[in-house]
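Below are two complexes that have chain A in common, paired first with chain B and then with chain C.
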Partner chain A sequence: MTVHGPFSSIDISNTGLGYNKYWLDTIAHNIANVNTQTTPGQAPFRARIVEAMPLDTNTSLGGGIAVSDVVDQADDPAMMFDPGNPLADGTGYVQGPVVDLAEQMGNLILASRSYQANMTVFKEARDALQVTTTLGRG
Partner chain B sequence: MLPPISGVSGISASPGVSGGAKPAGFGDAITKGLDSVANIEAKADGLVSSMAAGKNVQISDVMAATSKANLGMSIVNEIRTRGLEAYQSIINTQV
Partner chain C sequence: MDPLLSTVEYAMGGLQLRLDTVANNLANLNTPGFVAQKVDFETSLGIALASGRGAPGVGPAIVNSEDVPDDTGNTVNIENEITEMTKSSLERQVMVSAFNYKTDLLKAAAGVSR
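== the complex of A and B ==
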């Protein structure tokens, strides 16, 4: 993506908005599944982790950010003794999700603040360009 | 849905200017500017239509496109105003 142009700052902050929106969506998915249990032996729910990738790092200006990969969190699931649960295995255990709610809440704050920061850049760039158009007025 | 603004037909360079090279054509410059703004607006229009139709469109992309269209239009309009001011000051020269 080539972003050298009058609107490059708008384009770059737009990539930041897109990335942080994606991150927020992922956190929503992780928090929604914070109680998703599975039978031991099956694949547990694993929190999705978004990985970032800077764009156009070989140009002087740079081109913003993109999602490079989404990986699953690689911890061991918690085992809970709950023989009455229909998902329990022969020994009475169910498998919890691999997602840390506190970590996700922290990420939620980071993601929403990053989104706001990119929005501020977007607005400032737009306002600066708008004011620049009035420079020629006598 | 409003059709995108199509470029105005070029204001012909004044034939009365004698001697020297043909003027660059202020009208042509404005027409070119309007054409490129029309392109940006068409893109924004497509995104707005897609979003209104419930398609999966990033809101920030729509806002970026509409902001660009708005800014582009402002720039072309300002240039037109400056050009017109120059023309008016020449027209009003006392002889």
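== the complex of A and C ==
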């Protein structure tokens, strides 16, 4: 999408709202699975990481942001000795999720504040244009 | 009709249809498989203006959104709809200003004071 014209700020902040909402949804999914255990040998739960892509970087104005990819966190899962757990393997170990709660909470604040920042841009641009529409009114 | 007034009339009709479409899209935010719709009146208006006519003979086009669908096939995106709504509202205010400007001129020419 190429943005141009009087609504550039509104269109660009719209892409920021969409990206940060997607990021928030992903963080919600990661935090919801912070205790998801699996049997060793199976695929563990892996936190999803959203990758950003700036739009229209070849123009002077730029076109905002989009989600370019969502990748799984690559770290090794933690192994916990819990022989009573029905998910435990023959040696008594269960596999924890690959998700760092502290990191997710930090990202949650970043995504939330970024969403609010884009909403502020949206409102400021709208109010400025609102004033523009009154130009020439006697 | 005056070319400017007929252009404004066409644009305001298109903007009204766009606001109605936004309302319908938002009402179907949670409808599985619903494909969001968009209104394009600028293309037909641009062609008509380039050919020297004030307003097109055809109505605004309603096209399906090409946004990424969610798991149910629904393509409504709240941010996009709010953006369209805000832009349409601002554009309509400009159209009202243009309409008032032109009618004031015509009234002055006719010797009628407001």
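The definition used in the following text is that the second predicted complex is superposed on the first by the 138 of 138 C-alpha atoms of A that agree within 3 Å, B and C clash if a C-alpha of one lies under 4 Å from a C-alpha of the other, contacts with A are read in each partner's own complex, and residues count from 1 in each chain.
We take it that a residue touches a chain if its C-beta (ideal position, glycine included) is under 8 Å from a C-beta of that chain, and two chains touch if they have at least 3 such contacts.
Bear in mind that the values here come from a model prediction, so they are computed numbers and not experimental data.
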Partner chain(s) touched by A:48 [first = chain B, second = chain C, both, neither]: neither
Which superposed partner A:29 touches (first chain B, second chain C, both, neither): neither
Set intersection of chain A contacts, chain C complex versus chain B complex: 7, 10-11, 14, 17-18, 21, 122, 126, 129-130, 133, 136-137
Chain A-touching residues of chain C, taken from the complex the two chains share: 77, 79-80, 82-83, 86-87, 90, 93-94, 97, 101
Complex interface listing, chain B residues touching chain A: 58, 60-61, 63-64, 67-68, 71, 74-75, 78-79, 81-82, 85
Of all residues in chain A, those that touch chain B in their complex: 6-7, 10-11, 14, 17-18, 21, 122, 126, 129-130, 133-134, 136-138
Chain C-touching residues of chain A, taken from the complex the two chains share: 7, 10-11, 14, 17-18, 21, 122, 126, 129-130, 133, 136-137
